[in-house]
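Each of the next two complexes has subunit A plus one other chain: subunit B in the first, subunit C in the second.
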Partner chain A sequence: MKFVIALFAPPHSPAARRALRFAEAVLAGGHEIVRLFFYQDGVHSASANVVAAQDELDVAAEWSRFVSANQLDGVVCIAAGLRRGVLDAGEAQRYQRPAANLAAGWELSGLGQLHEAAQQADRLVCFGGQ
Partner chain B sequence: MATLHLLSHSPFSDGRFNSCLPLLGDTDALLLAGDATYALTAGTKPATELEQLPEQVALFALEEDVQARALGMLPTRVQLLDYAGFVELTCRYERINSWL
Partner chain C sequence: MARSMLIISRQAPWAGPSAREALDIVLAGGAFELPLGLLFLDDGVFQLTKAQQAASLEQKDLTANLQALPLFGIDSLFVARRSLAERNLDESSLALPVEILDDAGLSTLINRYDHVITI
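And now, the complex of A and B:
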């Protein structure tokens, strides 16, 4: 079955970890992830600048590893990312910001990518809240 | 079309639980995750309301979230899931409505 997984909650929310564990279980179950989409505060999990305490799970780093290792289509909403300071090199240059911080594996794109993926997939599962 | 409702907010601090229950159709299911599992706390109003849901409505909870909160004396109708079971459940319901 084809899944789209959307994350709306920040990396320090239990929902971010729940979405990650769900995504891992989707692949482990032999299913396909058509696209991952980070929206609203979920975009913070695509920042390479998030630092987790040593005894805590580094959700943002795990997401980056997960997306890269499985060569997934990981999309971060560009409007939500810009307003929260999650920039790739192109946007950092365009808006003359000192650094880009989009983690490996991710790309910035529009909300239309969520809509398109939802059409292609059998299931859209959203994670947010607590 | 059967819908799986996914709740993650505690019913004791948020209105989503109360908004969700009346919307559950006969073929729908409810999955409690995170703080929403506090709804299973024995002897409380949310637990009673869950017990009183129509028989056809299936009730699930994420086992790790139940264990993390040391919830015992669970309603007999609740089925505990790991993440593999969570994925399998989403395959059985055509729509998944997350109460974000």
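And now, the complex of A and C:
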């Protein structure tokens, strides 16, 4: 089955951990992840600047590893990212900000990517919606 | 056939960017002419009320954007009757035409769509 997984809640929320474990289980079960899409406060889980306490799960780092290791299509909504300070090098330059912080494996793009993926997917599974 | 999506908007317009971000999903899908619905539920119904004074909170009023949705081909707009009643609102309080659904109608509506996003 083809899944799109969307995350709306910040990295310190249980929803971010559930989404990660769900995504791992999707692949472990032999299914396909068409795209991961981070929106709203979910964009913070694609920041390379999130620091977890030593005895806590570093969910942002795990996401980055997971996306890279499985060569997944990981998209962060650009408008939601800009609003919350999650920038790639291009956006940091465009808006004259001192640093880019988008973690490896992720790409900033528009909401069209969510719709395009949803058109291909059997299931759109959202985590951290309100 | 294109897969349909229902966006359920549950937050008041003054409660952070959620109302804006729910609307942005709808507008992005409208650009692709996808079959979309927008349901206002719980505090989300406050987005529909007339004469908002968003500027006093130093934010933008979304009413004009909502009123323009039919121009973008999105005319499947719904609101929960119970959510209105709980907030002492009725049809005359609303700034745009939306279909008012009772609890059974909500259930039918949600089942009708392939994908559902709640924000």
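The definition used in the following text is that the second predicted complex is superposed on the first by the 128 of 130 C-alpha atoms of A that agree within 3 Å, B and C clash if a C-alpha of one lies under 4 Å from a C-alpha of the other, contacts with A are read in each partner's own complex, and residues count from 1 in each chain.
Here, contacts are C-beta pairs under 8 Å (C-beta built on N, C-alpha and C of every residue); 3 or more make two chains touch, one makes a residue touch a chain.
In this text the structure is predicted, and so the values were computed from the model without any measurement.
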Joint occupancy of subunit A by subunit B and subunit C, clash or fit: fit
Which superposed partner A:129 touches (first subunit B, second subunit C, both, neither): both
First (subunit B), second (subunit C), both or neither touched by A:114: second
Subunit B versus subunit C as contact partner of A:59, first or second or both or neither: neither
Angular separation of subunit B and subunit C about subunit A, which is computed from CA centres of the superposed model and rounded to the nearest 10 °: 60
Partner chain(s) touched by A:31 [first = subunit B, second = subunit C, both, neither]: first
First (subunit B), second (subunit C), both or neither touched by A:8: both
Subunit B versus subunit C as contact partner of A:79, first or second or both or neither: second
Subunit C versus subunit B - closest C-alpha approach in the superposed model, Å: 5
Shared subunit A surface residues [contacts with subunit B and with subunit C]: 8, 124, 126, 129-130
Contact set on subunit A toward subunit C in their complex: 6, 8, 39-40, 79-80, 83, 110-112, 114-116, 118-119, 121, 124, 126, 129-130
Residue numbers on subunit A that touch subunit B, as the complex places them: 1, 3, 8-9, 14-15, 18, 21-22, 24-26, 28-29, 31, 123-130
Footprint of subunit A on subunit C - complex, ascending: 2-3, 5, 10-11, 17-18, 21, 24-25, 28-29, 31-32, 34, 115-119
Subunit A contact footprint on subunit B (complex, rising order): 6, 8-10, 16, 33-35, 62, 83-84, 86-88, 90-91, 96, 98-100
